[in-house]
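Got a structure here, written out as structure tokens. Questions coming.
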Amino acid sequence: MSHWIIVPVALPALIAAILILARRTTITVQRALSLAACIGLFGVALALFSAATTAPPEAYHLGNWPAPFGIVLMLDRLSALMVLLTSVLALVVVVYAIGADWDRKGRHFHALYQFQLMGICGAFLTADAFNLFVFFEVLLIASYGLMLHGGGRDRVRAGFQYVAFNLIGSTLFLFALATVYSVTGTLNMADLAVKLPTLPEGDMGLIRVAAVMLLMVFAIKGALVPLHFWLPGTYANAPGVVAALFAVMTKIGAYASLRFGTLVFPPDLAATGGLFADVLLPAALVTLAVGAIGVLGASSLPRLAAFAAIASMGTVFVAISGFTPATTAAALYYMLHSTLAGAALFLVADMVVRRLGDGALKAAGPGAFAGLLAALYLAAAIGSAGLPPLSGFIGKLLVLSAWSGAAALVWTVMLVATFLMILGFARAGTRLFWKSDPALPTVPAPASSEPFAYAALIGLIGLMAALTVFGGPVTAWLDATAAGLYDPSAYIDANRLYEEP
Amino acid sequence: MEALIAITIGALTATGVYLVLRQRSFPVILGLSFLSYAVNVFIFATGRVQTDAIPIIGEGRIYTDPLPQALVLTAIVISFGMTAVIVIMAIGGYLKAGHDRVDLDEDGR
Amino acid sequence: MSLALIAALPFLGAILCSLAIRWGRAACAVVAGLVSAAALSGILAHAPGVLDGQTVRTQINWMPALGLNANFMLDGLGLLFAILILGIGVLIILYARFYLSAKDPAGQFYTYLMLFQGAMLGIVLSDNILLLLIFWELTSLSSFLLIGYWKHLPEGRQGARMALAVTGGGGLAMIAGMLILGQIAGSYDLSVILTQKDAIQASPLYLPALILILLGAFTKSAQFPFHFWLPHAMAAPTPVSAYLHSATMVKAGLFVMARMWPVLAGTPEWFWIVATTGLVTMVMAAKIALFKDDLKAVLAFSTVSHLGLITMLLGFGTKAAAIVAVFHIINHATFKAALFMLAGIVDHEAHTRSLRRLGGLRTLMPVTFALTALASLSMAGIPPLNGFLSKEMMLQEAAATVWLTPWAMGLLATAGALLSVAYSFRLLAHGFLGPVRSDYPHAPHDPGPGLWLAPALLVGLVLAIGVAPMLTAAWLVNAAAGAVTGTVVETHIYLWHGLGAAALWMSLAAVGGGLATLGLYPRLRKAWDDTPRPEAKIVFDGAVMALTGLARRITDGLHDGGFARMGVVALAVIVAGSAAAFLTSSHAPGSRTMLTVTPAVAVVWIVIMTAMFAALRFHRDRLFALILTGIVGLLVAVGFAYLSAPDLALTQLTVEVVTVLLMLIALNFLPKQTPVESSMARRLRDGAVAAITGVGAALLTFALMTRDAAFAPISAFHLAQSKPGAGGTNAVNTIIVDFRGYDTFGEIIVLGIAALVIFALTETILHNRDAVAALKREGRASRAGDRQPMMLAVATRFLLPLTLIVGAYLFLRGHNLPGGGFVAGLVVAIAFLVQFIGSGFAWSQARQRLDHHLVLGAGVLVAWVAGAGAWAFGLPFLTSGYDYVTLWPLETFELATAAIFDLGVFLCVAGAVLLALASLSRLTQAARDARDDLPKGPV
Amino acid sequence: MTLAVEIIVSALLVLGGIFGLIGSYGLIKLRDGMQRLHAPTKASTIGVGTTLIGSAAGKWLVSGTGSTQEILVVLFLFLTAPLSALYLAKTHIFLNLDRRTLPDPQTGTSWATLEDQPEA
Amino acid sequence: MLRKVFPHPYLTVLLIAVWFMLVNRLAVGTAVMAVILGTLIPLVTAVWWPKRPRIKAPLALLSYAALVVWDVIVANFQVARIVLFMPADQIRSAFIRVPVDLQSREAITLLAGTITMTPGTLTADMSSCGKALLIHALHAPDPDAVRDDIKARYESRLKRIFE
Amino acid sequence: MILPLAFDFAIGCFLVALLMNLWRLFSAPTITDRILVVDTMTINVIALVMLYGALIETSLIFEAALLLAMTGFVATVAYAKYLLRGSIIE
């Protein structure tokens, strides 16, 4: 049995605990610990990724209790991929946070950061529905702390809405989970997958209610319209570096929808049938539209980035709602891409905000921007809008081509949305980086050239480029992953339900 | 009994929802508390209720389902942590903004 | 050289240029020029084979699953365009070296230019339409950068945005079209698609695909009604205009039409759409060109017009017309690139491009004049220049084409030619002829050869092709046209077709008419100026402004920062979704027997319901509302106790009281009353939403409670294994610390994080000047005396040990009986909180030997170690063990590792609660503190 | 179990119930805020005390196992009742009472609740 | 030495007693645990009880407790009578000042608590110097008698125990 | 024989007391009274819980009663201190 599966949860938890105990040490020590943890997490994620690639899904029976009685972690290609994505982003963002001195601006940045990673990895790895709730809460509460990090004019009040709305979401999650348990008597996702096909007809109505409620929970996390209202205020007011890390948090909603939509409530399940698809597709299209319109109508760069994040979730959910191997593979590719692109955009926005004091889309004084930042904006915008040569374009092609068939509406919305986003990004970029207002005082040169921060940002762009260049192997890998999701027998078998571990 | 519990959960939910929709932070927090009562009782109740069936082995002949209880314990603790955080946020927001409205204005949204 | 490498070269050049700038502008130009030349020579090396009818291919599998592969091919059409792109590219690079001023960032320029060149080259070399799309969008992007190169010019920014919007938007349509095409053909490889004419034209999706692809082509090639962006792109530096708008970008649309000609052309749809668009564009743009004063604007609209001409020819769908189209592509590229560069020279020298401010340059700039004259005459279609040849052929084809009536096409084509003559002559006459003026903004004279060499070379080609077309161009036309039509082409180009040719007469009419038009110019101009027309820029800007404004209104309207809106929408969606899901399925009511209601239950129920409604009714009185909430919480705990859940009751009670303390601390800083500010309508709305949600929750509860689970619940295992497996009789506790200990691990971390967040936010507040000022204002309220009444202070001395022993009791028995680390942690925390209340924060803190952080961190660590300890035995995280120990004189007792985990829970909970409340209390200290310094002491 | 013991236990329960009732009734009946403070702090506490001792005895009678836990609860209530009462009295004095109705402490200082706070 | 291990010997005894009452089981294990906790908890909490009182007459304390319990039981009936049968307008409530001669904070607290628990009277406040208690009597036609009764019956005994 | 009746009587008394508390909660003239009512309510609830425990012959809900007593006290003091001093911990 490989204990490595728990390490993405255990390692950040341990480091966070040590960071709490070591809170009076110098920032250098804390940075070293946090960075080492991120590197370690990346290494472990890589190992898990390769294990998941070469071997069938593997279960980790916590407490050595047999499934479904104890909690089980599952390493399959999908969870390995999401953990790897998290670890990569975590590494990049922590480098940026250190490079931009963000971690000095408040207390406990690194401890909260590690807890955040613990929560995210835990959510991706768990195969227990209630445990998913617990790790949702871990990642959420850590995100509250990070979101408030360093204070800010409207940060706390925006944070209040974020917390309050998510508490409603958590309540809903609990309602759904209790309903699931009450009807089926189990919480293990594989066990549910086994049991639900034989559910008596008289219980179907209730399980459908649970399915819809779960989907709504994931939709809240994934910022699906009309459950997305929390996102603009939160992301636009969060520290840029935190918003960048949040790029992977919305993906948890997408991940969970995919997991539940293929494992627990697959399209061929009598009780729920096409429920997930029927709900997701229209909502996703509207989400994409709302996001794209927001990109065009945004008044500041952080807000623009927030709406770009909504649009990207729209695209992801459009792909997910297809519930075919092809659309799922496209969804996964786009998830990878949009995480990197979203993070890059938020980091650029952060650079701008820290340079100018705010990110309003208007001309700055002379000397505000070096060419490099404008170039990085361009790259991030290209990525977010889905233009070549970065991975967004490939992702969109994948989604469009996977959605062929009765797809006129999907295609139209996606292409028109892309058009609006191109307009929005071009407008924002030309206003901010090309225009300069000589009437304003010259913006003094930054105190530090922040090489680490720039390196992190360039790293993100490089990753998007790599995702493009290595699109062949990546899509092949994702195709196999998607195929596995629609044939979950290996996943279920790995749980060894009702057997002694 | 079941009907009474169902009505209670409904009322707790409705009270919570109504308060959550108010415009000031304090009632919203109270509303969230009510929602958490509601869902805690809901989890508990959907494990079916029994009197005199405490799930302590050896204490009786019948035991009520212990799992929902364990889930409620987790839920109570988590919602307590969340409440604590949102309370300090309400204070911070009020001290910085000078009012305790939950809606964000032009600049903040 | 591999085609992939050739296609990659310009991108490599872009990188090199961005690096080479540190060695100077010249270095950049040299690098760019050398790279372009290398690519050109690579292409030319393949030329012999291609001219022999072969197609050179390079295939690299990129994303086979998607059908996107890095497949390149070089056929006649590709060869023609590659030569244009790279050949003219080299000339532009040379020209730009001398054109750009010292303060222009040359490194960026050449980088962008090479990017653009690479994108263009990629389009024409692609053997895969998805790959082509990538390069297609890249041209939009790189042209955006080039057009906006002079960032300080508003026209530059607007022009760039407009070009990007129109061509990028068209590109998106083309994506859809190409995807449809690929799906009809079953492949995205051109080599496959081009063999599927019948399948494609028979498909019901042919027309949508055609329209979408043409949208891409028309926007790129500035065809009516998308022509308006091109003149505004003239804000770019002249080398950019010369490159993009003569030989490359705008020709990309033509390229795609030519490329797809074998499978798309030949249908009535194709003819009507393409030929008509081309015709209209040709005539209309030529007319506009006549009335523009800016040299570059004249050239821009002339370009649009000539692109229309070529489009029209492609639209005819005949082999002959396709040949002419190909030929005119070459000719137009040569004279138009030259003219743009020459216009740039004039601008560079005279500091104006306005025909109204120019005139008489003939003597001042003889070289420029001579070159311009030749190029313009070619543009006008005057023999023996190359423009004449293709125009004649075009007129011939037009005359032979039936469009509405047999003669309409010929007539309109002649009109277009006429206008072309007119604006070409006007350009010469108003720019170079006439008297020398004394009011040029800058004294013009011929520049050095660096600037005129490139146009001179092109004019040389204009002349050479005109005089000896068969020698200089026919081979290329044959190859290209052969590729377009998919047949072997042997064209014969002559200057003289004989008197019987209709084209000759049409041509003569055009020249005569053109001269006459020029003669009437002042009158025509007045009529033109007096006619109100929609200005494309204003319309476009208005549209974009309106769109942006609408987007802003929608966005800000939807996301107005209102919290209740979020809530109402979310709840409505949740309830409606759940109801819909339920009602569209089958449901059988449950049949469990229900518990009876005793009087005690009824009374408690009445109290709880009354308290709840009172909380709603009196929620504005915040303290009372809090008290009522507390009552509800208390009675919920009692309900738990009644319904066989003592652990829940204990937890609920302790959590409840800590929450009350927390809320009281908060209320101290918050307003004590909630004002009435919701309208009745809003209250009704909220009430309705609340009521519906409540009814939904109640119905769901009732449905669930009155039925049994469909399958045996997993908790049967927990009950059965609680004692033998987990070593505890309290099944709830064994689930918490063992069966589902991992949940608990997460849960205590939630609590720990909450405390950290509270601590961090308190620090932030205490470091915020405004917040501290506000705190002090709150702190000045009138208060009773007696901060720590003696009675309580004394009693707490006594209560602390008493409560601690209760905590120890609850902790130690938890595994077997109600209690456990969580409740014990809370009880201990409450014990210390009572100390804080009774004896004061500072007094208690001074005696607190353990930092709360330490307790909290240690708790997480202990729980972690308890979990990871199992690894030492090769068991999974959180595997526990227990054993019975007999130690005389004690009874046999049990030692379980789960207790270590529970100790972690205990420490974490106690530490977190104390850290949270101590942090909050520091706000109170700050409020009381007259001085600015922050309270010290371990927290 | 003898009838006599059962009667005693029952009497304790009945008495406890009555005292509990009186405490809550006093809350309604008594007119003055200070008076109302007396009822629950005494009657209810005594009521609950009597009841618990009665029920402990009852349990002992029924199952034969003694229980000391009820006594602990009672002790705790007795220990804390004066503190609750003091705090409520102080609150009442501070918020609702006319201070002139109070006697003078005659110690040169004021009653603690009414003491002026320097930092206020 | 012993003082260091048992900073509050009475507390230790009390805690041991409480532990037995909590566990409600007579066994060696209970005793061991009781002793451990009875020793540890006073040690840990010693700093929170800095100036511990000296009980001069422990036995007197026990008899005082018995007296109070008796008074509580007996006098409760008086309150019951007042609440149940006396018309509201006939109840003669009064604030009474009781000067305190006790020095020990613990003793004063005990006195105040006794006053509250014995029916009819209630400690409402204390002078800021701690030299006087403000007593509220539910029905006290003769306030001075109440004051004298308190001083004689309780304060004098407490004085003997603590001072 | 009479013991069950006595139990029922005691329970009935405390239930009626609880209803009286409820009545008083809303008719209370001052906030002090309300806190007092809640305090009384807690005491009555403790009695009910312990009586119920004796009735079903379990000692497992004794801790609930003990914690009720403890939390009721802390809450009452905290409410009062809040009204007196604003800040409960200072």
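Lettered A, B, C, D, E and F in written order, each chain numbered from 1.
Definition applied: a residue touches a chain if its C-beta (ideal position, glycine included) is under 8 Å from a C-beta of that chain, and two chains touch if they have at least 3 such contacts.
Bear in mind that the values here come from a model prediction, so they are computed numbers and not experimental data.
Between chain B and chain D, the least number of touching-chain steps is 2.
Chain centres were defined as the mean of their Cα atoms; on that basis the chain farthest from chain C turns out to be E. The interface with the greater count of contacting C-beta pairs, when D-E is set against C-D, is D-E.
Centroid distances built from C-alpha atoms place E farthest away from chain A.
One inter-chain figure worth recording: chain B and chain F are separated by 22 Å, centre to centre, where each centre is the mean of the chain's CA atoms.
With centres defined as mean CA coordinates, chain E is found 61 Å away from chain A. A separation of 11 Å divides the Cα centre of chain D from that of chain F. For chain C, residues touching at least two other chains, in rising order: 556, 559, 561, 563, 567, 571, 642, 646, 665, 667, 697, 700, 704, 713-715, 718, 739-740, 743, 747, 750, 753-754, 757, 761, 764-765, 768, 781, 783-787, 789, 791-792, 795, 798, 802, 806, 817-818, 920, 928. Residue positions of chain B touching 2 or more other chains: 20, 25, 28-29, 38, 42, 46-48, 51-52, 54, 56, 59, 67, 71, 74, 78, 81-82, 85, 89-90, 92, 96, 102, 104, 108-109. Residue positions 11-12, 18, 21, 31, 35, 59-60, 66, 70, 77, 81, 83-84 of chain F each touch two or more of the other chains. Taken in their complex, chain C has these residues touching chain F: 599-600, 603-604, 606-607, 610-611, 614, 623-624, 627, 630-631, 634-635, 637-638, 641-642, 646, 649-650, 653-654, 656-657, 660-661, 664-665, 667-668, 779, 781, 783-784, 786-787, 792, 803, 806, 810, 817-819, 823, 827, 830, 833-834, 836-837, 840-841, 917, 920-921, 924-925, 927-928.
Residues of chain C that touch chain E in their complex: 785-786, 789-791, 793-798, 800-802, 804-806, 808-809, 812, 835, 839, 844, 847, 849, 889-891, 893.
For chain E in complex with chain C, the residues that touch the partner chain are 8, 11, 14-15, 18-19, 22-23, 27-29, 32-33, 37, 41-42, 44-45, 47-49, 105-106, 108-109, 112-113, 123, 125-126, 128, 130. On the side of chain B, the complex with chain F involves touching residues 51-52, 54, 56, 59. Contacts from chain D toward chain C in the complex involve residues 76, 79-80, 82-83, 86-87, 90-91, 94, 110, 112-117, 119-120.
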